[in-house]
């Protein structure tokens, strides 16, 4: 059975194969658009599938961090042929194809497709673990030092999880389709593998939900820290104001060009007045503390 | 087979056609009300459908921005006639009708209706892309400069998405009805097209949900930035207060008309006192910083 | 066929009719309680229904505003009798009964009940439109002038929507019951009308959901405006503090009864010192602005 | 048919009855644990049910307020025996048992169980009305005087509603079980009563949801009031600062021991300077107001 | 019937048993990975199950507190053999195995598995009670003294509940699988036990939901307390400012080196001026209070 591996959906070879195996023009068009979605469409003659393997690439916006990147693989699987189209520079796709070549059997395209899908889904786990690590780090940092950079990371991860979740939801629907659709290339023998894949994707989606919960926790911690710190700073300001008030009032009084103030002529006037000021300040602070206002 | 295209539901020609083809008065009434909803109603003799093609028009409130606008198309599709009523100035509707005329077959109204619906749904994608672009811009801006204008844009887009989502939900229900209802004009041959349309609308709705998530993220970023900036500004105010406190207290003391203050008679008194003030200020700032209060 | 219209469920006439037509005591009790819920209960002999037509009355708490008010109508519809109990001063109920009398057929209680329900549901639309208008007004005002009155209106409308939504949900369930229950008075001929009613109620509920979304938007806008304005006011306060600081420090220094200050004896001392103060203030403001702290 | 009423599940009489009627040890254990959940379990020989009637007791934490309290009733209902175990000091349970004794028929335990359940469910309505009243009071107060005590009440009611809701959800499930389970003691004749109970519990749960919505509204109102008041207070502080600024600056200037200030020697100098200060203050306030900063 | 208990999945004895009983390599791999999920997989020959018993261990981050810890148990249950793999130092697992040994019957692995699962689920209740106690304590403390430590505890418990909830959801799915799957080892006789387990897990999950609600309440209380306290502190600051304003203005005026001020020469000038200042301060405070600005 022939297995054609193309590196690019725009390869004119695909047009030849389309003619030879009667591929539907709509599927060709799908394979050639940018931004394809994960999907499976089964016709009488063959099953057309698009998957989106993930790999971690350096994040251009956050030096030192990694982010998930998806590069699609298109599969046309008939009873007696297999066409795969994928970017040969993506290590995830290459790993999936290599395992299919090693463990699969060239006479059974259903087995090959199951193996490719299984490897692709298994390789989502490192991406999820990567997010787990980053969220753990953020949670540790947010209590110690709630800086706006943490917020940026929270929202960056949230955004990446939205994309990842969409790919996973579509992959779950696709593997459900492969189980249920009577036309699908997957035969009874390979059904358990696809069912296993479905379970894995469901668990991955569960993890993504947990991660969203944890990110929301982190966000709540951050926001409550900011309110808390504002409260602390305003309290400091109020204590400063409390300390300043008697000094302002009393030094103001004695700074006036008026007559008749006590101690005005006393040789130890300054000492008396400063003593009274300090006493008043202490009393005021004690009173505010007592009233639970500070 | 005759295809009547009317520009306005109030055209008296519609009344003639209603008599000729036995159109239901309720459907005429629906076609003539403002603010129709997307819907499909299939009777024994014909299928009545209302769709709402979208186009982007300049937003009167935000010069330089575009907003989606909907102009309805009413369709009466019988086995041997087709009546379409649409605003001829709407380019989206015109494009849908033009494609139906070009690719359709005058003897098969089911094909014509499928083509019109398919074109209408395909033309929702640019509107979604338009929102994607605007949300991307907002996300970029909100971190750099969280101004209230961003907030206005967030809520404006939220409102537009509410409208778009409602139209899409109704379109999804309408295409489901066209698939399931036994009376519908759509025959088995054209079912795959309607099913494809249904998938596209489902994906569009998925995108709208993602966009709502992203807008909520942007809103959270904005709100946390405002709290953060308030915190920053209060901190600056407190630092100013800290700097002012020793100056106020000491200059107050020496401004008093009292006797017995140290350095009062010293020729370098001012220098000593200013030096002491600066030293106290520095100590106070260091102490507050040390206590993590600033 | 006799049609009895009573103005009050406590009318002793109802007891006579109950005896004559074998009405269930539980239904009588329901009709006579205050605060009945919308419901339909179908027995072998007759269908008992409670609906809650809406009308807009002046809002006692908000002069110049209107609010929805519900006055129930009780219906006992048997094969050969119809009993309706409703407040004759409610224009909505009167309109429903008048239309039933005009378009209905005295021999078909099913038709009469369908017409009454249809009119009642159609008259919910003005109430929804009324809320749409008020929410539009609030949205316009909240950006220009976010006052606490807007908040009060938001919560007042939210509360009214909770009530309206509950009535609509129960009406939807009641019309579903009228479609599905084998005992119901509604015959096959009148089923399409009830189905149409069901669709209208579903659309009304959809509008209520949209309105709740919009109110939540308005609330978010209000809250973010308040934070924003606090931020602005604190900023003004900080600028005042910044302007005051050099004046306080320098005038304090020169107000001290000390010797050895520069310019103390200069004839243009005041000018020099004021100039230096203004310069320092400008530098401080520039520095804070530069550091993005204001 | 014997009906045994025990006051305490630890009564040794229960062990005798257990032996006589072959009661399951698991059920005995359930009846004897504290903190039983509402449940129904039907075996071949008898139905075991736990309900939780509610009554209002004085709230120990809020003098003058009432709170719901639950005291369980255990029922073993066989074809030819009925055992009820309930606290004789609970008026709600007593009322339920009294009504069963009065309206029931000793030969039909199904009728007795239906009556007991019906009374228990009817007596939830006063508890719900009690919450309605308290929430109404809170809503009235929160606009006039948003004090932290309101917040405490909101959260206290929220917590009580969580408990009430759990009991109601379990009661709904129990009455569904009594309708559906083929082994249940409830015969066809008494099914309508249980169905009616189910409808009542569903309506009670609907009310609890509405009350949670209203409490969330009250919470939102409280929180927005606090932000609003902070904003108001900061505004007052800023106005004070604005008023103080020219006085501080100008009196500072004229307090300096310098020469060359205008009006210094003028006999009406003080009047001029005070006039200029007031004028500057007014201009500053006008300017800030104009710029919409206050 | 042999029952093999291994302490570690890496025991080479497991490989022997795998060969003897034809265990699936995928199951061996699962048993040997870290971080297994709760799951049940039934094949023709045996049922493979992973459960996660909980126990409370001292929390390393919070001295004096406890936290739940999970140590998995793997079960291979065939018709004529039972293999259990569990950490012998975990008291929960030991208790489950001990009860199975005592109450079970060596010839019925189904009974043994039911007993193990039942004990494991029963031992989740103390963990839930533990959280109930901690949440109660937090709720008591948050009103009296809303410190950031409470917040840390809230989020720590939230995180632990996320983990516990995930284990419970999987356990619920596993016990559903044991009820429904035709291949499962659980025979009709033991079905009621598994059904009972399912009910318990559902109730546990219900409690976890309630606890999440209560934690959200606590978080809301904390956040509103912080806003409230900020408001209080700002109010104190504003009162200080109000008190300072007349003193600053009047002492400033009389501190100026100007002529023509009233009382300047009066022997009781100081008394007059101080009296006027106090009066003005009182009037200002009264006015602000009257305007409801403080």
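Labels A, B, C, D and E are assigned to the chains in the order they are written; within every chain, residues are numbered from 1.
Rule of thumb we're sticking to: contacts are C-beta pairs under 8 Å (C-beta built on N, C-alpha and C of every residue); 3 or more make two chains touch, one makes a residue touch a chain.
Computed from a predicted structure; not experimentally measured.
Copies subunit C and subunit D of the same chain sequence form an interface built mainly from non-equivalent positions, shared numbers / all numbers used being under half. Remark: subunit B and subunit C have CA centroids separated by 23 Å (rounded to whole angstrom).
A separation of 37 Å divides the Cα centre of subunit B from that of subunit D.
With touch defined as above, residues shared between interfaces to two or more other chains in subunit D number as follows: 227, 230, 234-235, 237, 241, 244, 248, 251-252, 255-257, 261.
In terms of which chains touch, the assembly is arranged as a closed ring, every chain touching its two neighbours and no others.
Residues of subunit C touching subunit D in their complex: 26, 37, 148, 151-152, 155, 158-159, 162, 166, 219, 222-223, 226-227, 229-230, 232-234, 236-237, 240-241, 243-244, 247-248, 250-252, 254-257, 261, 263-271, 273-274. For subunit D in complex with subunit C, the touching residues are 143, 196, 203, 206, 210, 213-214, 217, 220-221, 224-225, 227-228, 230-231, 234-235, 237-238, 241-242, 244-245, 248-249, 251-253, 255-261, 288, 293-294.
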